[in-house]
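Structures follow.
Common to both upcoming complexes is chain A, partnered first by chain B, then by chain C.
What follows is the complex of A and B.
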């Protein structure tokens, strides 16, 4: 199964409940986390994800790029993204 | 575009059975924005962060609760405020206003108590090191001096001889209970006969009067039966002193050691399920006293030197998030502006850490650590916290006991301390330290540019 097919199988509910049928693991993500996870699933890259967050939230002084990169690393660590996954 | 919600960093929490509690629900994070009815943000605005906040009402209420629990069960009771637990003068004076004596363990603490209006007779003087000047002052003034070892006994006799008087003293006992670790470095051992030797020696010297017995079992004692056991042993000893040697004691001092509503690092159960109430402690302490073979009008005064349990819940620390990061193991790390330099008790306790702002964001296990460049500087190891932005604050509780007296001027200066009054007003009781506080005692020699 390729990366895209695995990602497509993730069940992400509007309330932030995430089920990974591949491992049986369940997670809770907040609204920001859900946007990033859905964006990654839909094939967005780093720049597009950051723009997406900027449109949806008032970022204040937050470093969105750093947050996205860190979050993707966490998704990888938790097996929600394949080990070799990199944002384009 | 002001209708966009504020940005919150992304969170991800993996559901694990280990994170569920026995009720089968996930961790719930609350928030708390005020202390004693006063908004924390307003206090930080007035006094800065980090900030210790003491609640006067809790201080007075806890004192009265313990006193009441005891006098309900025994007619003659005195509480001695254990200075080392928190010796800010304002705090000590609150206890003295409530009627507390002072329990001190050094010349510095003795002088503090005197300055706070205590007469020598209102001071209980403990500890293995009593300097000559203070010991002399205490013996001549009629303080309650508790002898710790034979060398001290001999010193007291010399002082009595020099000044031609026969001062009153108590002896400190240590003893074995079935459940507690032994604190046998302090005082004379009751189980192996050392205490009897001390009495024999004291009577043979003829220069001192024995008027009391003292025992302090340890601290944060969760097992109330240990107090009953200790009391029974001390009472049996007192009875023998009276029947065999005609010694009538005026004081039985059973020390401190009552636990506060805190949770040791090693402790599984939360404090509300493990910490006995004052009534439970009092019952065990006083139960043993019923075996005292004394006429009712000659009963000795029961003294307790409680520290921790009186003050811990009255103190909170506000600290501010200065950075967020991911640790190598994937956990969230949060850097705050108060570390173990300020919060010494973080070594022993799993304090409660809650944000001051309410949030519906899911919590995740977080390592909270302070500004010291040291691995030991951990305020909370695995605390469930929601995402918190730089500049947001959290309250650490209960932290009223042993922090201000043990905090260090290490890397950072010490924060301010304020007191909130029952009417909601607040006042500074120790200002934030400045560099001169640290360097005042230093001397720079002339060849390094200092003055003469």
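What follows is the complex of A and C.
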């Protein structure tokens, strides 16, 4: 199964409950996390994701690129993203 | 035989923290809206919790332990069938199966149908034999062997990569990282379960399980994979969820094909992150969590009853991914009189207030001499 197919399977509820039907794993994510996870699933790149976050949450001076990359690393660690997945 | 309202006998009512599958089997059957039959519980202990679950059973009988011998077991079954006209028997305990396999003619003479493997099929998946399936059928079984003396363990690292799993012929498994651990485990295991002791190379990955039914001709009737979300200290699933994995279903189909398996079984599998599967055990019966198959829309228990009765269950519907179960331990409150009949007479018949409402057929009267 390729990365896109694997990500497309994730069930992400509006409340932030995530179910991975392949592993059976369940997770909870906050609104920011859900936006990133859905963005990655939908194929957005790093620049598009940070723009999305800026529009939605107006975070001020935060280093959004670094935060997103760290979060993507957490998703990889938890098996929600394939081990070799890189966000560009 | 009562095809419309079959009387189904079920064992394994010991719904403890290491539960027998009986309660799950019956709950699955009761979930089938087309099931209009009755369920007879067969217990080994008057305190088997499944005897006292409200609405579960229509009648109940005590059985002698399988260790008493096949004749005593069969005599008791014949008596029970004479009382309540059994149509189908679903045995759910590993220890019962050796006495029942290849006994279709005897059981049929009592009017009882089963959906069980032959003893040859049963032996193929025995813990002591399973590693042969890797060679003969290409199934992904970790390398293993059997040993009958602890001395054999001192050179075993030359054959297998560690760690090792030391298993009893029927139950029990210990992961061992050193030879000394393995020797200790060997002595514990052999003392409890006898010889031989099974040695299996440890398979990495997360544990996933598949409840599956074979048609006895190499076909897969249905299969539902599950990932445990919570386990007891002994590794029994206390919560789980159905998962989507075509490779697991393919593995189940391959197992059915190469063994011609007839009836239910549970495949215990380890799955690595890259999807590599290791078949570590096959249990020759329904797992305790089999009610999940009914909850997920693919009622494998109902299919087995139909197959035993010679009916075609047809193509089973797909199971719903993301259907979960969470087990519960609760206290069933009873008047002490509830134990009276099962304790003193070894049976509770439908005439008592204790039964559910499905209604067994009338007791079979003895033929006039």
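Criterion: the second predicted complex is superposed on the first by the 88 of 88 C-alpha atoms of A that agree within 3 Å, B and C clash if a C-alpha of one lies under 4 Å from a C-alpha of the other, contacts with A are read in each partner's own complex, and residues count from 1 in each chain.
The rule we apply is simple: a residue touches a chain if its C-beta (ideal position, glycine included) is under 8 Å from a C-beta of that chain, and two chains touch if they have at least 3 such contacts.
Quick caveat: nothing in here was measured; it's all calculated off a predicted structure.
Q: Should chain B and chain C be called a clash or a fit once both complexes are overlaid on chain A?
A: By the criteria stated at the top, chain C and chain B fit after superposition, with no clash.
Q: For A:11 in the superposed arrangement: first (chain B), second (chain C), both or neither?
A: It touches chain C, and chain B stays clear.
Q: Which holds for A:83: it touches chain B only (first), chain C only (second), both, or neither?
A: Touch status of A:83: second partner only.
Q: Contact-wise, after the overlay, does A:53 reach chain B, chain C, both or neither (first, second, both, neither)?
A: First partner only, chain B.
Q: Could you say whether A:26 touches chain B, chain C, both of them, or neither, answering first, second, both or neither?
A: both
Q: Of chain B and chain C, which one touches more residues of chain A?
A: Residues of chain A touched, chain B against chain C: more for B.
Q: If you take every C-alpha pair with one atom in chain B and one in chain C, what is the shortest distance in Å after superposing?
A: 6
Q: Touching chain B in one complex and chain C in the other: list those residues of chain A.
A: Residues 25-26 of chain A touch both chain B and chain C.
Q: Contact residues on chain C for chain A in the complex?
A: Those residues of chain C that touch chain A are 206, 208, 226-229, 240-245, 273, 275, 321-322.
Q: Chain A touches which residues of chain B in the complex?
A: Contact set of chain B toward chain A: 1-2, 4-15, 326, 330, 361-362, 387, 389.
Q: So in the complex, which bits of chain A are touching chain B?
A: 16, 25-33, 35-36, 53, 55-60, 62, 64, 67-68, 70-71, 73-75, 77-78, 80
Q: Tell me, which parts of chain A touch chain C in their complex?
A: 1, 9, 11, 19, 21-26, 79, 83
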